[in-house]
Amino acid sequence: MGACHVIFDGGSKPIDFNRSEAEKLRAAGTFFWLDLEQPGEEDFAILSDVFDFHPLALEDSENFGQRAKLDEYGDYVFLVVYGANPDDDRLVEVHCFYSEHYLITLHRDETPAFTELRARYAKQEAPLGDPPRLLYRIVDSLVDSFFPVLADLDNRIDELENAIFVKADDAQLQEIFAMKRLLVGMRKAVTPQRDLFASLMGGVDQLPGMTEEDERYFRDVYDHLIRISDLIDTYRDLLTGAMDVYLSTVANRTNVVTKQLAIIATIFLPLSFITGFFGQNFGFMVRHIAGAPAFLGLGIVLELAALAGLLVLFKRRGWL
Amino acid sequence: MGACHVIFDGGSKPIDFNRSEAEKLRAAGTFFWLDLEQPGEEDFAILSDVFDFHPLALEDSENFGQRAKLDEYGDYVFLVVYGANPDDDRLVEVHCFYSEHYLITLHRDETPAFTELRARYAKQEAPLGDPPRLLYRIVDSLVDSFFPVLADLDNRIDELENAIFVKADDAQLQEIFAMKRLLVGMRKAVTPQRDLFASLMGGVDQLPGMTEEDERYFRDVYDHLIRISDLIDTYRDLLTGAMDVYLSTVANRTNVVTKQLAIIATIFLPLSFITGFFGQNFGFMVRHIAGAPAFLGLGIVLELAALAGLLVLFKRRGWL
Amino acid sequence: MGACHVIFDGGSKPIDFNRSEAEKLRAAGTFFWLDLEQPGEEDFAILSDVFDFHPLALEDSENFGQRAKLDEYGDYVFLVVYGANPDDDRLVEVHCFYSEHYLITLHRDETPAFTELRARYAKQEAPLGDPPRLLYRIVDSLVDSFFPVLADLDNRIDELENAIFVKADDAQLQEIFAMKRLLVGMRKAVTPQRDLFASLMGGVDQLPGMTEEDERYFRDVYDHLIRISDLIDTYRDLLTGAMDVYLSTVANRTNVVTKQLAIIATIFLPLSFITGFFGQNFGFMVRHIAGAPAFLGLGIVLELAALAGLLVLFKRRGWL
Amino acid sequence: MGACHVIFDGGSKPIDFNRSEAEKLRAAGTFFWLDLEQPGEEDFAILSDVFDFHPLALEDSENFGQRAKLDEYGDYVFLVVYGANPDDDRLVEVHCFYSEHYLITLHRDETPAFTELRARYAKQEAPLGDPPRLLYRIVDSLVDSFFPVLADLDNRIDELENAIFVKADDAQLQEIFAMKRLLVGMRKAVTPQRDLFASLMGGVDQLPGMTEEDERYFRDVYDHLIRISDLIDTYRDLLTGAMDVYLSTVANRTNVVTKQLAIIATIFLPLSFITGFFGQNFGFMVRHIAGAPAFLGLGIVLELAALAGLLVLFKRRGWL
Amino acid sequence: MGACHVIFDGGSKPIDFNRSEAEKLRAAGTFFWLDLEQPGEEDFAILSDVFDFHPLALEDSENFGQRAKLDEYGDYVFLVVYGANPDDDRLVEVHCFYSEHYLITLHRDETPAFTELRARYAKQEAPLGDPPRLLYRIVDSLVDSFFPVLADLDNRIDELENAIFVKADDAQLQEIFAMKRLLVGMRKAVTPQRDLFASLMGGVDQLPGMTEEDERYFRDVYDHLIRISDLIDTYRDLLTGAMDVYLSTVANRTNVVTKQLAIIATIFLPLSFITGFFGQNFGFMVRHIAGAPAFLGLGIVLELAALAGLLVLFKRRGWL
């Protein structure tokens, strides 16, 4: 397993997570926050034994790739929330066991936001006495981590659009497609999370020890989640638009090129036919076009007349 | 910070916003409207100290880019509303602290509608005695500012459509795309605002001191917001349609040009083959096509017959 | 202002609408229907003074381009309904002030349905005693006027589809686009109207003096509005389909034309190369191809062999 | 009018529908099912007089093209339901007047399902004593008639898809479009019918004399309607997919053909230029290329070198 | 019929399903699970007689191709659930009759999950005493069988996308289309199943003997169904995206190829015209171009100048 930190009223320290440490924490009776990075099988066994969690909650907590959700189990809840980070899929999945006596967070990916938060609590800048407020801070830091990631996407889409207008190529398509996948993934993480906080606001779900003032704070989280989910939808729309622009631009370019080809062929195929005609070896013809008038009339004037006729034709069709 | 105006029962005046002015206003006990343009950090500190606003409300009010919303905090509410102006993103975001004793509006962009409103109150054309009615006037002026902006878009879409039918080019695509972005932005501003007034109408949210007669006025605002949101959706549909027309027009033009190319090649490649054939230097052939009949028969009639055959073919295919 | 008609229990007559006439009608105490075509500022002033309407209702009634809606104001309601007529946008907007004592209808466009209705009441074929029934008849005549307009659209879409399969051109695209706009406009008029009658059926809104039997009649109007709104959606779908067909047809035609071009070029470019080859002035070559066998072998058989080879190739590719 | 059948407790017989027969049936007091095919004006007059139906119900029953609906009128209901048959639009519209004393069905198109049902009742295989069960059987037979029609569509879509991959042409497009229209029509008939039975299940609407056990049966009908409506949506999706495949296939074919054209032109235009060059009549050149080395070097090797160069180029571009 | 297994408290055994066995099981009074693979007409007759099921439930159970649903019939329920397997349509449909006394499962396709479950019960690893828990295990094993099938699809879509960028061909289109059909089918199976468990959670439907603790387990199933349904929607989106990429890629390739063609034609058609010009047999011209300067000037320099001019033109258009 990875690092493990425990934050309690007196400060914050990294610990070696094992059965006796867990039992000590449980027995102490004061609220603590236990953060486990990359928990292993053994760790789950300890949690199961010491905290007596429901098998379904434990099973869910072991399997990453859950939907954001809040399952109530008597005096504790099991909570799955998502944040963003700069890795491949841009997502961090955090599993929380939360009660009025403890908050246990489990995650596989790194969560820079937590480091900062731990530092604040270590310096005792914020009292730990208010469990829902701590949960709020954790969820808030996760939710707010989406904003910079989305701002990056916004800029990248802008650049892509401009690049497509300059020169459309496959690499752009691949990037559009990759960003769409990313947004599909983020949407799948954010939408249930938004709905979760909606039902928390509506009183459908309940957090242990939550006061009306805490609710104001979670309402703020909810508000941010709506904005994030709106942004994701907006970017999806913009990417679809970029795809349309790609297609339209390419179609337009093909049109321009084809027109160019048609003009060249329409001018030179007839003219070449004329030169070909007088390049034939019919003795009769060769004998009759030997003089200067024939060359000027049939060799020069006829070509120029044909050219003039074609230019008039193009003018009329609006091709020139 | 930018300009600051205070409107009270006796008139309207620009003031230098500072702590003592704020305390004087607060202490006076009569209803006033304080409008702060481009508020700075200092101004928020004063608001926090003098009016004792909730930290969450203050935090939101400092960060522009909020969703339209109404958060109730005991005897005052924090309200985010959007209006339109002619700048880049066409949007003005206004943050309001509203209670029965004061209305404080904060905004970064210029709001021409407010200037006009201040003038009316300065001339005492309207009494300030009715706080909800003032809030209505402010919101109404913001909401109605969307109509001229949308009417401009409507005209521009009309022009674009006609231009595409005449000659499709990349600049139109870019404009369509830019307008789509604009509408996406406006939609994101208007939809939550519409829903906000819907829940105000439905009694889910409440404004301090609002009477049934005031409700009629806010119902009118709600009605306008529905129309605006419908218009935005309509224009999005029209832009999507314009994109389709772009693609269809280009595809059709390419078809016309390709057909022209095919006709030219189908006529002149076979004819040129014939002239090429009789341009060969096979001594046997040259000796046998020396006379006038060979020239007329193989040089002229054969070409004309080939041409006639091709024209018949085109006729049958409906290409001419 | 345009024509003004008043329909009362004894019959129907055109009147000059002015203050005294209005006051007389108001004072008479019996139910009447007053129809004002193209009402002017003056007319609204009279209505305001004599009938004492709410300023919001009056403001709405002066501005055409409202959403269909029903606003209750104590003992009267303000109602906006739409019908169809053959003009440019196919829509008639009618504003109604309705109470148990009067029905005042205001409109700008001509409403042929009203003429007919007036004639019926003038001949006293129907008693005026039942205000909701009169309102029903007016709304019903407006709503039913959509059906012939939609039937026309249906026929036109059918014709367009067939025309596209025969020969796709820009004019069809423009017509598809124009019809889409028309439908978008009709949808914007019909959908809120449908929802209005839905909430009238659901008891959310109420009409003064409406009985259960009247409700049956308005349920019928509601039913028609659902059908109209379904038809509009259907036609929008069909137009989208027609657009797709346009694109598909053009793409297919381009494919056919391009294939034709490729076949011609693939046959004649190689053959012409051969004739070009033997048209070269290399003395050595010219001396060696002077005899009949050279002409037959290289000039005729080689060309025919090349042609045969190409035809076999096309056959294999399924191009012939 | 068309055929008329009456089914009563003792059996089933075709009758001449007229006023006296109608009155006799009405007076008998026992439950009967009267089925009128292609009812005429006269028939509606008799129904109006003898059964005293509400004018709105009668008006609706005379106009085919209604939405599926259930209108309650005191002790009877007016019901519009749709079934499928093999005619042009695949739909049969049946209007029912249903009470605990009679069931009157009116339809214009043939309904094979009814013939079978009549035969069963004539043979007294099922007692007529239970009016809701009879109504269930009628509705069930109509609803189930959609399944074979939809299965046919399913097969046809499968065949179309395969055909498009083999060779895309306009006839397939026309068929896709025709099937889309058909499905749009069926959807318009089925969706309101499904919602009707949903509100019957939810207790919003009520059928005279319906027991809980009857409800189980109607729940079954509702279940089938959901499946039908799902199938229609599925087929619409598949047709949209088929359209996409059509476009993609055509685009791909055009690409293949264009590449072929480009290859041919890229090979033969340069080679032909070389032969053209040495076909020129510059005396100086002709004199210098008279020998065998010139022919071999410039006439043969140069061409082969050019060809080799082009093939290398194609290889690099992945065109061969 | 296929295999039949019975699982009771003491273990699990395959049995020959017949009337006397069925009656014995029914009479024993202890809970049992009877699993019938590919039940025949006869088997349904036995079920009908021995268990006295409602004719509607029996009819539904005989017809595979039902929607997932839960129909309550007094003390037992009829349940239709779907799982996944590796066959053609990836679906297994299981019909269950469930009461507190028995669970009877009927299916046509093989269900590997059941074999495993039977093995567990045979070894008495889990007590059979808790009927809802058994039902949960069965449903859970069916629902979870979707995950590996969907993971396969995910991988395949990834591969397809990459393949399209490398080389777009019809086989990919056919596979995209086939996968879309598969997902449409899975969606039709999963969506109603998800809604079924939603209404089971919401208390709309009820399972005999279900406790609050059982509900937790079914909530877990519900959670998985939401994830599956989300995944299906995601893959549909990705396939639509893949289709778009296909079209965009092909359009782009066509553009590249057409440009290549246009460049070749624009270079060689003019140059060939020049060679053709000097290949003409005008005696006058031939006599005047006999010297070395003519050859160098008109034969070499003129060609090179033309070529240089064309290259400049391409440069300006950004084609090179």
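Note that the chains take the letters A, B, C, D and E in the order they are written out, and that residue 1 is the start of every chain.
Please note the rule applied: contacts are C-beta pairs under 8 Å (C-beta built on N, C-alpha and C of every residue); 3 or more make two chains touch, one makes a residue touch a chain.
As the structure is a computational prediction, the values presented were derived from the model and not from experiment.
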Joint neighbours (chain C and chain E) are D
Listed by label, which chains are in contact with chain B and with chain C?
none
Are the interface residues of chain D and chain E largely the same numbers on each copy, more than half shared, or largely different?
different
I'd like the Å distance between the centres of chain B and chain E, where a centre is the mean of that chain's Cα atoms.
39
On a C-alpha centroid basis, what's the spacing between chain C and chain D, in Å?
24
Within chain C, the set of residues that touch 2 or more other chains is 247, 251, 254, 258, 261, 265, 269, 272, 276, 279-281, 285
Could you spell out the chains in ring order, with the walk beginning at chain A and its first step landing on chain E?
A, E, D, C, B
Using the touch definition from the top, list the residues of chain E that touch chain A in their complex.
161, 165, 216-217, 219-220, 223, 226-227, 230, 234, 237-238, 241, 244-245, 247-249, 251-252, 254-255, 258-259, 261-262, 265-266, 269-270, 272-273, 276-277, 279-285
Going by the contact rule at the top, pick out the chain B residues touching chain A in the complex.
54, 56, 60, 66-67, 69, 71, 73, 168-170, 173-174, 177, 180-181, 184, 188, 192, 243, 246-247, 250-251, 253-254, 257-258, 260-261, 264-265, 267-269, 271-272, 275-276, 278-281, 285-286, 289-292, 294-295, 298-299, 303
